[in-house]
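Below are two complexes that have subunit A in common, paired first with subunit B and then with subunit C.
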Partner chain A sequence: MQFEESSILDVLVVRVRESRIVADIAAQFKEGLIAYVTSGKRRIVLDLSQVTFIDSSGLGALIGSLKAIGAGGELALCGAREGVISMLKLTRMDKVFRIFATPEEAAASLSLHNGANSETSQP
Partner chain B sequence: MKRLNLEIASDLSDVSLVAVAVHALSTYAGLGQAVASLVELSIVEAVTNAIKHAYRGRSDQRLLMAISLDEDQLQFDLYDSGDPMPAVHVDRLVRGHGIVEANYPDYKSIPETGRGLEIIHRTMDKISYVQEGGQNHLMLAIRLSSAN
Partner chain C sequence: MKILLVDDDPVARTIHAMLLHMQGHEVVEAADGELAWRLVEEGNISFVVSDWMMPNLAGVDLCRRIRAADLDGYVYVILCTAKGTQSDLVEGMDAGADDFLVKPISPEELRVKVRAGERLLRLQQGLAEKNRELAHINHQLHAAHKLVEDDLKAAAWMQQRLLPLPAQNASGVRCAWRLHPSGYIAGDIFNLFQLDESKIGIYLLDVCGHGVPAAMMSVTLSMVLTPDATHGSPLKRIDPATGTSKVLPPEGAIRELNRRFQSRDDRYFTMIYGVFDIPSYTLRFAQAGHPSPILVRPGIDPLLLGTGGMPIGLWPEIDFDCFDVHLAPGDRILLYSDGVTETINSQGEPFGESRLLAFLREQQLRSLDELLECLLAEIALWGSSSEFTDDVSLLALEVTKTSIL
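This part shows the complex of A and B:
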């Protein structure tokens, strides 16, 4: 599983370097994301701009990662392509995940340093 | 009617080959990119289910997908020789069973699994599942006139 990490403000941006998140790599994908959480990262933006396809197994891994972050943290998505957005809408998960166009927009929304957020106000 | 047969091993790493072919055929048939992506997703869910459940994860079996295209619809006939789908799952596939919905930031009640059949149900216009001649036969079709 290939991830590329960067930081914007106090937010970890993880770019997924895989084109398809499907059944044969979903468990590995989830383990990779949860490793960030267990290492203390609680505000994570997942950059899906290189991902062309996610199936229900990959979606399950995203949901599992969201649950792993839990209260006090956030997992947002950005850069999702049309096919991925269609899947999120069909499964109604577009109502569960916060979805942004760019990593910068997502990080600005998640950061505690943008003046609008506070630790206690996060889900 | 135009026809194409695809055969793959029951190996999850080969599913993407079918998926890419299905997406290309869907756009060739005139479906828009968004719908073509959902048809691709439905076929991936169906093939993955056959490998994981009918064949119980064995990678040394075979799956056949017969694709047919006419003016009105794009049809996929998937055949496997594994365990039949339980009746309750067939019912969920054909009739639909709904999706647990929630809104941000309420995600704790959202299950991580169990969406594949509903994805297929919501995407495809015609669905049938039968056992015939020792094979399981899943038929999925989408109309071309109303799908864009």
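This part shows the complex of A and C:
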């Protein structure tokens, strides 16, 4: 399970360096994301541009991470490919996660430093 | 350490035995190679210091015999030679001797060489001990693995028997099904049953993940999803005033299931549940994160129905979408798990919805049962093995021509 981290503004961008988020790595995947949350990161963008497939366990891990971040933070997705997008739509997860095209767009929207976007405007 | 000292010369033997004794070793003596071999064969000898030139069996031949024999442990052999020529050493090494001493033997040389041999034997014995331990652990692991495997096979056998059989005699429809679990036990379940005299229920669900936890949850769900209202079925509601039960619309049933199956971990399941109203020929579906059912109607291209919905078990108090489809005799509906569309070929390409739709179009004329058999074979071929990586389940219904009330 490999993550590549970078920061844009006050947002942590985590690029998933796996092509398939499936049962074998789902637990590790969630542990990795939870570790960011416990270390104090609350605004995380998950870059899925290298991911071609997410199975039901992988989706479970994504949702578990979202629940762990809680109301005070946000986990957004970016760069998702067509197959992943259609799975997210089928399960209505496009209503649960905010989905962006690029990490920059996602970070600009999530950041508290953006004047147009304050903590109170978050759902 | 115990050393077998072999020499036909009693004087030399006595001197060498005395030296070894003084160096703290226990000495067993033999007057020639044959006598020595008998002692080695009896066991408990792992160190031999032998003269080369002896009647009956020469030292080098004793060495060869020791190496060829299937003894319990390694035997360290030092050959003593008076000649000390090059060819002797080569022959002795070929015979498997570990070291050589040149007569007359100096006490210091004897001490050093015996100690070197002792060290090697200790290492060898340590390794043998480790190997025995590993073999023992390996045996235990094998036994444990067999136990788990037997349990899983028994669980699969039980699960197959616990799964409800879709009703063959439901009025107005015919049905067929296939289930191919990925491991020994499945997370997919399905059923078709008569809900009351005018309604038929049909569902297929897929518990996320694989193996024992998924299978336990799927068996529990199969028990709960019963048309028998007296056992608290989420599919019906009993009117307290009249005591009669009423079939819930599918979106209501799914909402109730979601309320009951809120999980504390990330476990959830996807489900498609339909209620077919026989008099009106209307099949109403609620879709909870499950792949869209397919309508196969003679004369038109197979059609994906529905756009999705939230899976069950993630958040309470969620409303689920539903949609109606009006059926006619001859129409077929296929429910399936994502194992069908997500089976990948050797290039990593999934079977996908479009291939599934094309297959259903091409194979329309087959009987319902044949169709599912061929589809399962087609998916197995795509996955280029009979070992599916995910549960593959198929449930199809066909509206019969005689079903008009």
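Keep this in mind: the second predicted complex is superposed on the first by the 119 of 123 C-alpha atoms of A that agree within 3 Å, B and C clash if a C-alpha of one lies under 4 Å from a C-alpha of the other, contacts with A are read in each partner's own complex, and residues count from 1 in each chain.
Note that a contact is a pair of C-beta atoms (placed from the backbone, for glycine too) under 8 Å apart; a residue touches a chain by one contact, two chains touch by 3 or more.
Just so you know, these numbers come straight off a predicted model, no measurement behind them.
Considered on the superposed subunit A, subunit B and subunit C are sterically incompatible, since they clash.
Within the superposed three-chain model, A:Thr91 lies in touch with subunit B and with subunit C [touch as defined at top].
In the superposition on chain A, A:Phe3 contacts neither subunit B nor subunit C. Applying the stated contact rule after C-alpha superposition, one finds that A:Glu82 touches subunit B and leaves subunit C untouched. In the superposition on chain A, contact is made by A:Gly64 with both subunit B and subunit C.
Measured by the number of subunit A residues touched, the leading partner among subunit B and subunit C is B. Of the two partner chains, subunit B is the only one touched by A:Asp24; subunit C is not. By the touch criterion defined above, A:Phe53 reaches both subunit B and subunit C. Only one of the stretches 166-174, 202-210 or 256-264 belonging to subunit C overlaps subunit B in the superposed arrangement, and that stretch is 202-210.
Within subunit A, the residues touching subunit B in one complex and subunit C in the other are 23, 53, 55-57, 59-61, 63-64, 67, 83, 90-92, 95. On subunit B, the positions that touch subunit A within their shared complex are 12-13, 15-16, 19, 33-38, 40-41, 44-45, 48, 52, 99, 101-105, 107-108, 110-113, 115-116, 118-119, 122-123.
Residues 20, 22-24, 53, 55-57, 59-61, 63-64, 66-67, 82-87, 90-93, 95-98, 123 of subunit A touch subunit B in their complex. Across the interface of their complex, subunit A is touched by residues 206, 208-210, 265-268, 270, 289, 291-292, 307-311, 314, 338, 342, 348, 350, 390 of subunit C. Interface of subunit A with subunit C (complex): residues 23, 26, 30, 52-53, 55-57, 59-61, 63-64, 67, 83, 89-92, 95.
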